[in-house]
Every structure is written in C-alpha cells, then in structure tokens.
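Data block below; observations after.
Note that the chains take the letters A, B, C, D and E in the order they are written out, and that residue 1 is the start of every chain.
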C-alpha cells in the first residue's frame, strides 16, 4: 500500500475491518507488529504521533482527538500554538488564532458565534468540521482522514471533498477512509480494500467502475437485493 | 471583560463563598479581633502557605494527577535545611539549595514512575509519602537522636534569608507577597502560554493530547517537580521563621492543598480548574479555620464547625455557579 | 502477679535476652524520641537486644496488634505503655499466658498492674498537669488556654484535664485550644487568635507548640505579661526558660522510663531480680529560670 | 411536529441546527423550555429518560450512550437486564442474554467472536450497529434514531434501513435523523426541516421530490455548483 | 474458566503481589514468627477488618464516588455503642442497633448531598468526616469528660455479641469469616445481579447510564449507606473485642480502604474494579504492615519499608498485568 504525492488513496472495508487501526499505525499511535513504513522511500519507525506530525502527516481520527473541555480555538491549535513574544515572555496569541480559526471554519461553511465555547458544546458535525479544518491547516505532506464526512450534512460533506481535492492539487498525498461509495469514487485515484485486517488488493480508478466498487463495498449481490426490496416497499 | 464573561468564570462561586465566610465571621467574631489588622494578618498567613502549595497542586490536578507526597516533601526539605546547617555547619543558603535539589529529585522520581509505569499517581505518591516521612524520621534520629532540630539562627546568611522568607510588612507576613506573585505567575502560565494549554489537554483528554504531539509525560514530570519545589519553598518559610523544624512538619498538607484546589473549582478527574480559584480556596480554608478560633468555639466542637462551614461554603459555591450558568443562557 | 518471678529464673542461662517495647508514642514524637534514646542506651549498656514498636498514630487497635505480633515472636520481656487498659487487656493477657514478664512505662500504673504487670515506671499525666496548673495559679494566672496538639490522645487529654482542674480549683478558668501539630504557622496563628486580652496564661503540651506560642506572644508583644509554660523539653525551650520567656517546663525525665525499664527487665530476665516497689515515679520535675542552663546540654543530646 | 404509528418521520437540517438537541428533549434528557409533548394525545412531561423508556420510546443517540468499559452483552441490556431466580436470589442471566445479542447482531450483519469484550474494543461501526440493535430490540412504540448510519458501511446501512421499515410495518413510529438524502427519501414518509433551532415546515413524501429534498438539505444551488466542480476535476 | 479468561482478570496482578510479599517475609522474617499460626492470624485479623471496609469502598469507587468519612463513621458508631451501653444502660444489642441507624443516616446524608448538589463526593465526605469526628469528641467529652469509654463487658447481651463479633476459631479471629462472607456477597452482587451491572455503568459513563433509565442517584445513595454500615460493623467488632472505644478509633481507615481498593485494580475514576481484588489489596496491606514488624525493622525506619514494599508490589502488579495482556493477544 502506498500513497504518492498528489494522489488520493481510498481505504475501503467493512465495519471492523481494521481501517482505523491501520490509520493509527500509520500516524504513530500504535507501533506496528510487523511490516515496514516508508516515508520518501526510507523506512521510519514513529515512536509517537509527534514524530508523524513532524514529518508533515496530519490525521483526522474517527473519534476526532478533541479535548471536550477546551475552547474551539485552543483545540484547533493544540500542540502547535501560535505565540507572541520571546524567551520567558513567549505567550499564546489567541487573537491571531481566532482570526485563523474563524476563517478556516467559514471556508468549511461553519459559522460559530463564539470561538471560546468549549468543544463539548458543539454539534457532532461542527466538531468534525473543526477536526478536518485543523488537519487541512496543518497537513503539510500527507493528510489522513478517517470517515471525515460521517456526521456532516450534504453541503459540508461536499466542501470537505472539495478540500481533499484541493490538497491533492497542492501536492499533498491523501488517505481517505469512507463508507460512502459515491464520495469514494468521486475523489479517489486508487482504492485499497481491507477485510478482517488483511489487504485484498489495490485498484486504480481506471480499473474499477463505480458500480463494481459499490458492489465490492456492500458485499456483492446482497445489496442489489436490498435495493430491490427498498424500492418495492 | 463583559458581565457575561465574568459570570462564566469558574472562580465566581468560591469568591462568593469567601465573601460569605468573611461576613459570617465579621458578625459572629468581629468583636474578638477577627476584623483587626492583626486578625486579618493571622488568617492570611495560613492562607498564604496553603495557597503556595495549592497553586502547583491545582495545575497537577488539572493535568490529571495527584501528589500525596507534598506533606512529607515539606518535612524532608525542612529537615534537610536544618540538618545541613546545624550538623554539617553549612551556611543557610547551602542548606536551602540542598533541600531544593532533594525536592526536585522527589518530583522527578514521582513523575518518572507515574509516566513510565502508568500506575495511578495516588498510589505512587502514597508510596513516596511513606518513604520520605520514614526517611526523615530515621535520618534525623540517626544524626541527632531527636526529632526536632533548632538553632538555625546561628547559620551563615540567616539574616538575609529571614528578611526574604520570614519578614514582615507591617503586620503582614512576607509570605503574602510570595503567594500573590506565585499565583499570578501560575495563572499566566496556565491561561496564556503553550505549556498551560497542554496542561488542560493532558488532563482533559490524554489520548487526544498524545495524538496531537503534546509531550504528555514531560508535562506531568515538570508539574510533579514544580509541586515538590513549592513544598520545599513553604518548608523553607517555616524552618527559617521558627528557626528549626521537626519531622512531623507538613503532615496532612497534601490533603489541605487538594481541598483548596477542589474548593476553587478544580476537577478531581482533571481537565478543568483555575489557579486563582485554588488561591481563593486556600483563603477560604484559612479564614474558616482561623475564624472558628476567633469566634471562641470550644475546641471539642471545632471540627464540627469546620465541616459544617466547609459544606455550606461549597453549597453556596455550586449554587452561585448554577445561577450564573442560568443567567448566561 | 509475682507468681511468674520464679519461673523466669530459668532463662538466665540464655546468652543475650531479647526485650520488646511497644508504646503508643509514634517515632516522630519528640517526647517518645527521648524515651527511645534511653532504651537504646540501656540496650547497649546491658548488652541485650531490644525492638521498639509503636503504631503510626494514637491507635489502640493497632497497638494491640503490635503486642500480638511481639508475643508471637516470644521475647524474654515486654515493656509497654498502657494508655487504655481495657483496650489492651486482651493482648496483655496473651502475653502473660505466654509467660512473658511485663513492665509498664509512662502510662498504665495501677490498672495494668492488676493485669499482671510487674512494675510501673513513669508518672501520671493527670497529676503532672495538675502540678502545672497549681504553679500557674501561684504565679497569678487567672485565665489560661491549654494548647492540645493531639485531641483524642489520652496522654494529652489527661494533661489538659489535670491542668484545668487545678486552675479551676484555684478560682481561675481556662479552655482547651486544639491545634495542628504539623504546622507551626497554624499553631502560631491559632494561639495568637485565642490569646484575647484577658488571657494571661498559655500552657502547651510539647516543645513544638511551645515554640509556636513563643512566636505568637512575641508578635503580639506580650512576652512578659502573658505567662507561658510547657510540658517536655528541647534546647530552644530551655534557652527560653533561661531567658525568662518561659515560666517553667514540666519534665518527667522520660529518658529514665526507657532506660530503667530495659535495665530492670534485663536483670529480671537474666537473674530474676526486681526492685520491691510497685512503681517508680520519674516526675514531675520542673525546669525553671534557675536550673534551665544546666539542662540544655543534656537536652541537646536527647536525654532530657 | 408529530409522528404517527406506522410512519417514518425524517428530521433534516444543517450541522448544528439543533436536531440532536430536539431528540434529547423528546427522550427526556433535557426538559423543554417551552412547547408541549403529547403522547397518545395527552400531554406528558418526562422528568428522566426512564419515563420515556417506560412509554416505549427507545432512542439511539448520536454519541451512542454506551459504557466503554462494559462488555457488549452488558451494554446491550443495560437498564433492562434479563434475570433468573426470584427474590434475593434474582441474578443476571448472561447466557440467555448472549444468545439474544448474537442473534440481533447477526441480523444486522455484524459477527463478533467474543461478546464479553468491552465495547471500547469495537470499531465505530460495530458500536453503532450495537446501539441500533439495542433500540430496535427495546423500541416498543416509538424509535428515535440520531444519525444511525453515519459510521456504517453500505451493507450495514442498508440493513438498518430495512429494519427501520420493518419497524414501521410492525406499527412503530420512527423518527430518523440523517444527513444522507438518498436514505432519507428512500424510507421517509414525511420530512421536517430544522434550521438554527426552528422548524421550517413539514412535507409529506408526495409533496416533495428527491431532488428538491437534496437541494433543500444542501442549501440550494451551491450543491449543484459543487457537483459540477467535482465532475470537472 | 479457561486460561485466557484467567489471564484477563484484573486481580491477577495483586494476587501475584500477595504471593511475592508472603515469600519475601517468609524468607526475611520466617524465623521470628511470621510463619506461625498466631503470626498468620495476626495479619489476617488486620486484613479482615480492612477488607470488610474495602469491599463497599471498592463498589462506591467503581460507581465513581469516594467516601472519606469511613474512618470517622467508625469512631462515631463505636462510641455510640459504648455510650448507649455504659451511659444509658442499654443492652449491647440496643447500642449496636443505634449505631447502625446512625451510620445508615450518615450514608444517606452523604448520598443525598452528593446526588442532589452534584458536588464532588471528595469534598462532601471530607465535610462529614470533620463533622462526625468533632461530634464524636464533643459528645463523648460532654457525657463522660473523657475521650475513652470502656466497661462494655457489663452490658446485657455481651456474651452473645462477643461470640459473634469477637470470637476466635482456633487462633483465628471470627472476623475472617465475616470478611470471606461479605466479600463473596459483594462479588456476587457486582458481577451477577442487575444492581451490580448498574454500578459499573454509573461509574463508567454516568450520562449514558442516565439515558438508559438507570436510577443513578439511587445506586449511589445505597452504596454510600452500605459503606457507612460496613464502617459500623468494623467499629462493632473493635468495640466488642476491646470492650470499649476511644474517639480516635478508625482515623485514617478511609485512606487505607481506598488504597486497598486501588491496589486491587479499582480505578480511582470509576467504571472498573473488583471486590476480590480489593480483598487481596487488604490482605497485601495487612501482610506488609505486620510483616515489617515481624522482620524487626526499627520503628524509625518502618515507613520507609512500608512505602518501598508498597511501590514494589504495585510495580509487580502492573507488570504482571501487562504481561498477561500480551500473552492474551
């Protein structure tokens, strides 16, 4: 499995197939039992997510990795806070931060009246948008997204997809996990199928049609039967 | 700050409780000296020492850890100062430096064990509590055959140290200045700097913090060390002021400091809290303790009043916060 | 209780007797620290092995379990303090059943002897407190506070009780002030708060509290006018007594309690000999301005 | 806003529109500030979720309401445990419970090797399926689902929709929140639009076409423009 | 149970620590009575009383709450028994009933305040700790002028009570039987009944529990009452066995009980734990405490050993659990 610069790799698989676990290994949360991780062709061993971040790999985790009791601004910049002043007088620059966050959220189509409310007061979708905005803001070389659109409305989901593609044109590599075959086929360049922890092959967009993809994701003919049923009722 | 922001502050409740406690004692004990300058100085002196401990303890609790070894670190560092000067004949400053080094080590060891083994800090620091307390007793008895060491006034540099650590400003103790200064510093670090942001994150969502590249372990270790150093500072105050120390010094201070922090709105489970709140908590506790003495309650019943006033204060505290939350909506 | 005396003579062939001491005073307590110094010195002088145990707080249940453990180890003699005879009766009975000779020190006296203790070395805390109260009354004190740094510990309670009884009998009055022994600041400020203008005497139960009381009176500028006295000694307290800042310090020569107990029990274990007395009083004696200077050196060495 | 027996009401709205908050009010988590709640025509006031449950209203919350450290079986039956024995000897019947849970999960297309693992070890989708299975099992009269399919694969989502319709045929009323207009239009009988906390009208299925629904959910022409863009890239 | 299930049990680590501690003391103190029947009985007696407290404390902690008033509830109920019989002349059983009623009230009040006001139980029960401790001292002094009350053996029904609460089975104390019985009961309730399931849920995810219709408040109140009643039971053991009590009885037991629960794998933050683990924690603590005495360590250094053995035990505990988790994979 590899992701190139300027490419979107979609990872697909059933619930519990091990997609999130794979992602966590890639971004340094879990150490891999076996297998190697190559960045720019050289093998690396991330001992912590900090290493991965330092390599320009930003991740949106399925559980979003937010601190519920902290404010929106502080969550956005957590671990990479903007500062003012020098030496012992170095301090947070929250005003500058608010401007950035407001702009980034507006670009995602999210309006928040007050950026100092704790994240726990946001809706599920707003939280997800915030996590994505953060990753996009900091994702220098590789962007890893675990079901980024699951709680988003149609409009916001569209905006996220547009961002993903923008990232690609900027030369970023993107790894996208999604259960929405429409989304996947719309933006993905290559597709990797995962089943119960093992890789079942990777396909280029040219090699696989959308319907084939949907069938594969849904477990074959079962879906057709279901759609039939649903239509009938 | 707007009225709305003020109402949102977690310290509001404890400030209200402090005011209420002051009014209560002004009425019940006003004629027996509670309101005089020296009466005020007397509870401020207690609050100052507790407050200096409570500030780092609050930070540590926000980061999700406890330190139960605060009290015995006080005993150990006070005794280090005393033994170095009286037994080894060092100048006072040497003794203080040795005590600071010792307590920094204690904090480091606490932090390393907690972060490396992921054991609950409650147990680890209870272990160091026992070890330090026992070590202080054993060493002191071995060297002096006693459990109290005095005679610090003969040590070199005592005069300067006394001005700095045990001086008076009018009727007030100089520890008040230290308290205000350290509280301001800790508040600034907590709400205005990167490490402060990390402290909240480390306690509020450790996994998320780790995933975002925050050096969770380093933050905790530094906080353990800060707490131990604060204990050393308070021990130095007491040792210099009373020109000696004993092996019991500081026993139970760890719980008082935690109490002050919780009174000030710090969550026991981490992730939320305030240094100013902890300072108010220390003030409340000192005022209640001392106010009961001023009001002349029989000492048999002292603790009953302490407990009752404590519960009333937190009830007031929480009801003010609930009202404020409602008013904000 | 003299029945065992004969049986104990069989032990004299043993080379190095082992004695066990269990008291209610923690290792951190300055008073008991001096007792222990006496024990250690006597162990050296008599060439016997002595183990010293005390609960981590004033706790009769824990203390009885310590006695049980010592009895299980079968020492050649047991030295105990008995602040609550009823609570320790069972454990002492077990020791007696195991044929272990018992001496009581410091607290115990009459009741413990009924339970089979051979001899008591010490003083009644109540009587000592009473003697202090009488001296205070003679010095003209009418209203005093008794500073108790460990409410619930029977020794301290008895000291205050005796003191207040004597003072009341002499027409004065007093109250108990409870303070936290672990914090001198706390002690100083509480004593300061409780020393209202009409209070003309402060009575403390230990040197640490006395030190804090000195600081409190000093800051209130009442060092000569308000009388101060204390139980037990320390070099600083003796210096203050020498300088007249402290009226008197009550000394019960607890070093002797430890030293004599070990010497007598070692002799008894080895040779079956014991003084024909029921109790050896070690106090109270009073250290005042006149004799304080002579005692300072002994106090520095942890003997007084 | 009303839901009849044998009917599926879809609640639609932007992120942060107040859908989850509405749901929580319906199921007794928050007391309503104003407005009335009628069940069978009589006004009720739920003081706790327990009351709502007793009325046969079962809810799948967006955050799933699971106890992470408890096992799958115990979570499934939490608050309504099957018991054996009588009087003081009444005890949990975990074996019976396992059989039920395994069956229900299998019907959702989820296979778990071990039902005694803690819920925290499950994947996001498995957890969601478990929450839905629980609600369906206990939802006697009204089923409230807050974005039930967000973390589910195509196959599992299909199964959930089938269940929703099955519940309708059983005579249950269903309130469904979803961001997927395809799903919504497929199963919904009526649609309520929510915007910033206020209701913007309810439409019967007959009164609104699927494209109109998608346009409304996505905020009008923006979506068309977006789809255009996406196609173009 | 299969090997895999055994390895998954949270008690594994503490059992290993108990075995290690026993071996350690068998080697270092075996010849001075640690291995004898009466030596074993002496640490089992300590463990039994602590274990009876630790079981409900563990349940309460799993449900996410603390009770710091355990120790002073012991003092208050012991003194109630003693005063009712000696001062009021009631038969012993009347005194015990009064003490049980009192402690049930204490638990009820603790529970009501905590659940109604949502204040942290740490503070609320610290308040009741003070109130009860002070009330016990004040009342006892008022009625008797002393702080110790003895002479229970003259009360009616003492003989039967002594058999039940303070009897011996060979060298062993009858409290051992109570301990085993209550531990078994609490374990059964926790893992095999509905209320047990609720306890886990209440501590692990209170909001989820509430949404699923679990009576969160009722569960907590009942647990507070159970804890207080256990304190009363232990106080009764001690009062009957020692034929009297004093006002300090039980001081610090709350921390020992929490320590035993945490040693046994109960989370301080709630949601996970085990009663059998807490029992093993109590056994470990009792064995270490008494083992140090048997090994003849000088009392000056006692606490150093206690702390060191404690930390070693938890280190072993956690490393065994990590290994087990790895072996399971």
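Here is the rule we go by: a contact is a pair of C-beta atoms (placed from the backbone, for glycine too) under 8 Å apart; a residue touches a chain by one contact, two chains touch by 3 or more.
If you're wondering where the values come from, they're calculated on a predicted model, not measured in any experiment.
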item	value
Shortest contact path, subunit B to subunit C, counted in steps	1
Set of chains adjacent to subunit D and to subunit E	none
Farthest-lying chain, centroid of Cα atoms versus that of subunit E	A
Centroid-based (C-alpha) most distant chain relative to subunit B	D
Chain centre separation (subunit B, subunit E; CA means) in Å	29
Whole-Å gap between the CA centroids of subunit B and subunit D	49
Between subunit C and subunit A, distance of the C-alpha-averaged centres to the nearest whole Å	72
Centre distance in Å when subunit C and subunit E are each reduced to the mean of their C-alpha atoms	32
Numbers and ranges of subunit C residues touching at least 2 other chains	27, 151
Junction residues of subunit E - those touching two or more other chains	137, 298, 300, 302-303
Interchain contacts (touch definition) - all pairs	A-B, A-D, B-C, B-E, C-E, D-E
Of subunit C, residues touching subunit B in the complex	27-30, 33-34, 36-37, 148, 151, 175-178, 180-186, 189-190, 192-194, 196, 207-208, 211-212, 215, 219-220, 234-236, 301-302
Contact footprint of subunit E on subunit B as seen in their complex	113, 117-120, 122-124, 126-135, 137-138, 141-142, 255, 258-259, 262-263, 267-269, 298, 300-308, 310-311, 314-315, 318
Of all residues in subunit E, those that touch subunit D in their complex	188, 192-194, 196-198, 200-201, 204-205, 207-215, 271-272
Subunit B residues within the subunit C interface of the complex	32-33, 38-39, 42-43, 45-46, 49, 71, 133, 137, 141, 144-148, 150-151, 237-238, 241-244, 246-253, 289-290, 293-294, 298-300, 302
Sites on subunit D touched by subunit E in the complex	27, 29, 48-50, 53-54, 59, 61, 64-70, 74, 77-81, 83, 90-92
